[in-house]
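What follows is a pair of complexes built around subunit A, which joins subunit B in one and subunit C in the other.
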Partner chain A sequence: MFSHYMFAYYLKLGIKHIAETPVLSLLIVTAIALGIAVSMTMLSLYHAMAHNPAGDKSGQLFAVQLAAYGNDLETWGEHDGLPLQLTHRDAMNLRDSEVPLRQSPMFRLGMTVESRVAGTPPSADFDVRVADRDFFAMFGLDFLHGEPWRAETDSDPARVAVISQRVNARVFGGDGLANNVGRTLLMNETEFRVVGIVRDWHPLPRFYDLNTSAYPTTPDAIFIPYSLTPLLDSFPRGNIQGWNPEEHLNNFAHMLQAEVVWQQYWVELPEADSVTAYKNYLAAYVDQQRQLGRFQNQQPRGHIRDTQQWLNYNNVIERDNRVMVGLSFMFLLVCLVNTVGLLLARFLRRMHEAGVRRALGASKAQIFQQYITEVVVLGALGGLAGLVLSLGGLWSIRQLYEQYAPIAYLDTSMVAAAVAISLLSSLLAGVYPAYRACAAQPSLFLKAQ
Partner chain B sequence: MAIAPIVRSLLRSPAGAILITLQIALTLAIVSNSMFIIQDRITKMSRPSGMPEEQILAARILYFGKNIDYAAQADRDLQFLLRQPGVINATQTNSVPLGGSGSSSSLCRAQPSNDPDNCPYTVGVYMGGRHLLDTLGLKLVAGRNFLPEEVTVSDFTGARAARLIILSQAVADSYFADQNAIGKTVYLGGRAHTVIGIVERMQSPWVAGSEEQAAMTALLPAISHGFWTHLVIRAEADSIATLQRDLERDLLQLNDRRVVNRIETIDDMRQRVYANDRAVLIILLSVIVLLVLITALGTGGLVSFSVARRQKQIGTRRALGARKIDILGHFLLENGLISGAGAALGCALAIALNQYLMNTYELPRIGVEYIAAAALLLLLIGQSASYFPALRASGVSPAVATRTV
Partner chain C sequence: MLKMQAVNKVFVTDLIETHALRDFSLQVEEGEFIAVTGPSGSGKTTFLNIAGLLEPFSSGSYLLDGEDVSLMSDNARSRLRNQKIGFIFQSFNLIPDLDLFDNVDVPLRYRGFAAGERRRRIVRALERVGLAARAAHLPAQLSGGQQQRVAIARALAGEPRFLLADEPTGNLDSLMARQVMELLEEINRDGTTVIMVTHDPELALRSQRNIQIIDGQVNDFSSNAAA
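And then the complex of A and B:
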């Protein structure tokens, strides 16, 4: 029997008791609040780091890997013998496949952008992404003006560029929303024609290129056609790795031919059939390259991983963060044990009150309900305070970690989790003390009175 | 003082005691492991770089002009810098210890280099001219520096022509044990290099990884002129601030077709590359402080509850002749027993937690001293937290025994 009326009454009693014992109540609320604050701060960070920016398309976007090394090596690259990146030669060859709905090779480049605004110095702080036209549709970039370069540009290079709002603002002034399509962008003293302007795009983790950092502080801000690669005289930013000690890298042209990996490759395979077809295509490609004398290792093969698998494979959540989430929940556990003790003290101190109510006809269940209501009120107060404190905790995280600053915020799911965890944990903490309290023998307390 | 009656009374209503025991045990496990991780990070952050750090300034130069003679420009820059007050030396290099980016290569004792036994380590490779050693202030402990004619100059990542090498002491020790490494041959990038010098300490550009890995470095006599380079300046410590302030402006005055950024002292670099470690340290330190606070408040709260509940008992004991100090002692001993049990259980939990962290996250094994220190801290906190309630208990008047409630 737990009517609304009774609930309102228990609520009133609970609040009255809380007000009557401010110190003990404050201790309980503080313990719950600190437990919630610490665990929610670390959990929110973990939750944000574990975000999959590909969303609905996660299962359709695949990263391609090739065991493209020789020297009869057993493994090279990751522990499973697959390097994370591809050579330029392989990336060029893979572009010929007609299986994927969309696909793009890509790499990151450092170029210096000059501004048209008087007094604004040239900047090397914008990352340039070199990719095919499909990049934009595959990853869902949002065009404010213009559109991607034409399909022909992917085979017939043209000095065109898609720029982000931030670059638009820096180069042409204003808030970056103006339509500057058709104007000229000067990068490394070379002219590029702006064909599109996209909304700032900063997916974290940067799932499509996890090299050097999964949470880069500088987003890709300028996009140029991959077909320009041989004409570039700039330097890729990211990791460049090779297995062949005899390889000579004397200039950029050599790097395009060399057996060194430095590019990423993504394909969009919307259904199971195309996934199978692409796997077959890769197997055939590996065979063909072996015939040509490349891929002379002990396990030559190709492999694809969808976005979520790719994020897991790359361990985007660092060891430190995993350990700290674990420790923060142990912290919450300590706070709960502490709360159980304090609640026990609180309820046992009022044994005689329970005794009197029992003597006047209240059932054990009613006493239990009354105490649990009080616990829930304390838990809600603690949870609320904990939520506010975790805002402070996340603020500290943003100060401590530059790379997590854009993502270390509470989102609605984390607020819901905080509410659920605080109610659940206060209930857990309250069950035993409430049980002890309602087990009171009424006669014992009446006698003492 | 008799322990037996205290234990008996604890066993009669064990709930409160069990909770405190549990809380102290869990707290001990977390605090000791956190202290251990903190110490591990402090050790990592204080690894020596091998450089006279307060004398070093580094910057990154990215050229964007099309028609730049990189070598000639580098010369002009260096000439200019050497004229500045306080400057001891300056040079260009592919990377700087602690800088966070650079080049690494697997270093082999013998060929073939696809046999892992021949190539136990991947070493950080610094490339520069004969001034690099002096500019970084590295200490040569054996052999000699590069001669000007031994330095190869190329236009890309061009260390390919170098045939000489200077190793860090750590590399020399691990590759040649007690033999003299000077004159020996090592293979880097598949090519034989003759060891001509050994530097005492030269930290790698990257700070992730073990202490052992951090000391594995080599120096090649190679300058590559290209659209990016690192500039290193060594100057009297009191001129560094001025140089840092003016460097971008001065270099751009010499040539504005470039971007000069990341102008950092070694201290700035430490801030940048150890940012994550520092964050872990601060977070764990806050966790320890909060945990100790919670445990102190919880223990204090429960002891005062236990005192309040036993007013009459205390009064009776006082009336029967127990002194105030006996009552104080009783509660302190009682709490000491509980905390002691908690600490004992906590030691086991701490080791279990460390075992888990070792297995799952490859953390090192915790030292006994961390557990002992945490146990001592918690016992101390527990005793201080129960001191005031116990003091209050000792103030209970014997007359209380005569009242009914």
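And then the complex of A and C:
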């Protein structure tokens, strides 16, 4: 039986042996640490990339797509003929549906905001999300002060804004927690009234807008009503794609009417019935548009994907990343094979001691437990060193690859995984050497010292 | 209390079968001091290893305190060895990186004694062999005779019923050998059964009973007391 009493004894012996054989112990710890460091660095990156920030609402939030291109002309190049974004015209039309619990068209702008704080640079550039009021409740933004703009503002435009804590601090000073609702914000030389202040929000991957990068370094920091779109006269930050080579965008007003896609559209459908109803609604909408002369392609259709499906569809995790994780675990395996060899050398050198202990009353199981405890101590040290090296590895990735900078960090679940993997892998590496040490006939090692 | 009946031990390799013990039968009563002699390779150590439950045997029966050890699991044999048998080896077999205190502690740990009880037994055993003052020393800091006395203290700490000694004076000069022998005799007088393998006819004569092993068989019994 593996009692606490004996565990404490084995632990004492293990630590003593490790201290008495520093070189061999260091080699074993290094082998485990290197394997853990490489695998945890890659796994952390993969884990962050595979994160679904929508959480519990993942299955209720859907991205909308429409096969809205004309016949005999180029498609947008998507493998299934479905563009990733919508035209402004379609986005405006879809807002009329009463099926979704919440919905919002959206796009991203860059705007220059003037600071009111003396002694700081006079202006700063921020990413601005143009969306409907539902955006905040749909994606769960946390209001520190104020609230979203009124529902009427979605149809009757008003120059109002919800700003993040970071913008609040930059524009009005302080730590960003002060209530500056009602104050005025000067953006692109136009005044906006602050109606709400939200806690900084930076979901990664930025699932609701995967244009340009799934892992942007700058989050959306200001939110303004979608109803202002015709008045903005500002091209979006993101992709603009069109299928009609005859169509040239002369100005922003033209883009609002053109068959070019540049806006995202999300709906919240909490129940299966509403999902079916919305699919029917999209089918009817496509038919209606065909009758109006649009959507003249071979497969006119609408499509919705929930958040996880949307992330998969957009290949947020590239195949290369999966391969890298696989390779890193193969490297861990190589390190473990080396560890097995080193542990064999360590334990077989102490066969005499095992023989003496057996003669004095230790069972095979007790010798096995003693050696496995020592392996666990070595594994814990290797895991700890591996974690430190992983932090270094992730730091290097942040320096080398800007696109991974926001996500190349160890979170608590990855720290727990590193501890678990290091203990499990060292146990695996230790089983055979410990078995060899305990299975030998003790009498063979007692005759000569 | 130790009874072997027609015990055989065969070592098998790819090329050859070696019969280390053949129809080996022996009964040892409580409190005896037995010297086991015989030429090299005759099976003395094999007998001692089987008697000490360190090696399995090929056939026959072996009862230790009435218990048939051939039917026991490794755990049960280890427990029995720990509780009833003490070993003394020619090469002492102390664990070199443990001090004397911790060396004597080893069998007591596997017995599961509480810390206070272990300490009491260790101190008493080391006092008995005259080395209590050197409890914190490592084995390498002692002479051969002192190391063997530590090994005896380790064997005694668990208060075994049997003491199995494999040429305990083989590595010692005559003075130290005599001291160790006197210690073994004293232990025997206190009631512990001692079975000692030796090459030394003089030491064999000091035992109560001398058995010879030749070619794996008990060849001759003699009672030194009667002789």
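The rule is simple: the second predicted complex is superposed on the first by the 419 of 449 C-alpha atoms of A that agree within 3 Å, B and C clash if a C-alpha of one lies under 4 Å from a C-alpha of the other, contacts with A are read in each partner's own complex, and residues count from 1 in each chain.
FYI, a residue touches a chain if its C-beta (ideal position, glycine included) is under 8 Å from a C-beta of that chain, and two chains touch if they have at least 3 such contacts.
Here the structure is a predicted model, which is why all the values come from computation and not from measurement.
Engineer: Regarding the shared-chain residue A:E402, is it in contact with subunit B (first), subunit C (second), both, or neither?
Structural biologist: In the superposition, A:E402 touches subunit B alone.
Engineer: Who does A:S363 touch here: subunit B (first), subunit C (second), both, or neither?
Structural biologist: Second partner only, subunit C.
Engineer: So, A:E20: does it touch subunit B (first), subunit C (second), both, or neither?
Structural biologist: Only subunit C is touched by A:E20; subunit B is not.
Engineer: On subunit A, which partner's contacts cover more residues, subunit B's or subunit C's?
Structural biologist: After superposing on chain A, more of subunit A is contacted by B.
Engineer: Could you say whether A:L424 touches subunit B, subunit C, both of them, or neither, answering first, second, both or neither?
Structural biologist: Touch partners of A:L424: none, neither subunit B nor subunit C.
Engineer: Tell me the contact category for A:E353 with respect to subunit B and subunit C: first, second, both or neither.
Structural biologist: In the superposed model, A:E353 contacts subunit C only, not subunit B.
Engineer: Scan A:G110 for contacts with subunit B and subunit C and give back first, second, both or neither.
Structural biologist: In the superposition, A:G110 touches subunit B alone.
Engineer: What residues on subunit A does subunit C touch that subunit B touches too?
Structural biologist: 448-449
Engineer: For the complex, give me every residue of subunit B touching subunit A.
Structural biologist: The contact residues of subunit B facing subunit A are 15-16, 19-20, 22-23, 26-27, 29-30, 33-34, 37, 62, 64-66, 113-114, 154-158, 160, 187, 189-191, 226-228, 257-259, 261, 275-276, 278-280, 282-284, 287, 290-291, 294-295, 297-298, 301-302, 305-306, 308-309, 353, 357, 361-363, 404-405.
Engineer: Where on subunit A does subunit C make contact in their complex?
Structural biologist: Its residues touching subunit C are 3, 5-6, 9, 16-17, 20, 352-353, 355-366, 441-443, 446-449.
Engineer: Hey, which residues of subunit A end up touching subunit B in the complex?
Structural biologist: My answer: residues 24, 27, 30-31, 34, 38, 71-73, 110-112, 114, 121-125, 187-190, 233-235, 244-252, 254, 318-320, 322-324, 327-328, 330-331, 333-335, 337-338, 340-342, 344-345, 348-349, 396-397, 400-402, 432, 436, 448-449.
Engineer: Under the touch definition given earlier, write down the residues of subunit C that touch subunit A in their complex.
Structural biologist: Interface residues on the subunit C side: 45, 49, 52, 54-55, 74-75, 78-79, 81-83, 87, 89-95, 97, 106-107, 109-112, 154, 158, 166.
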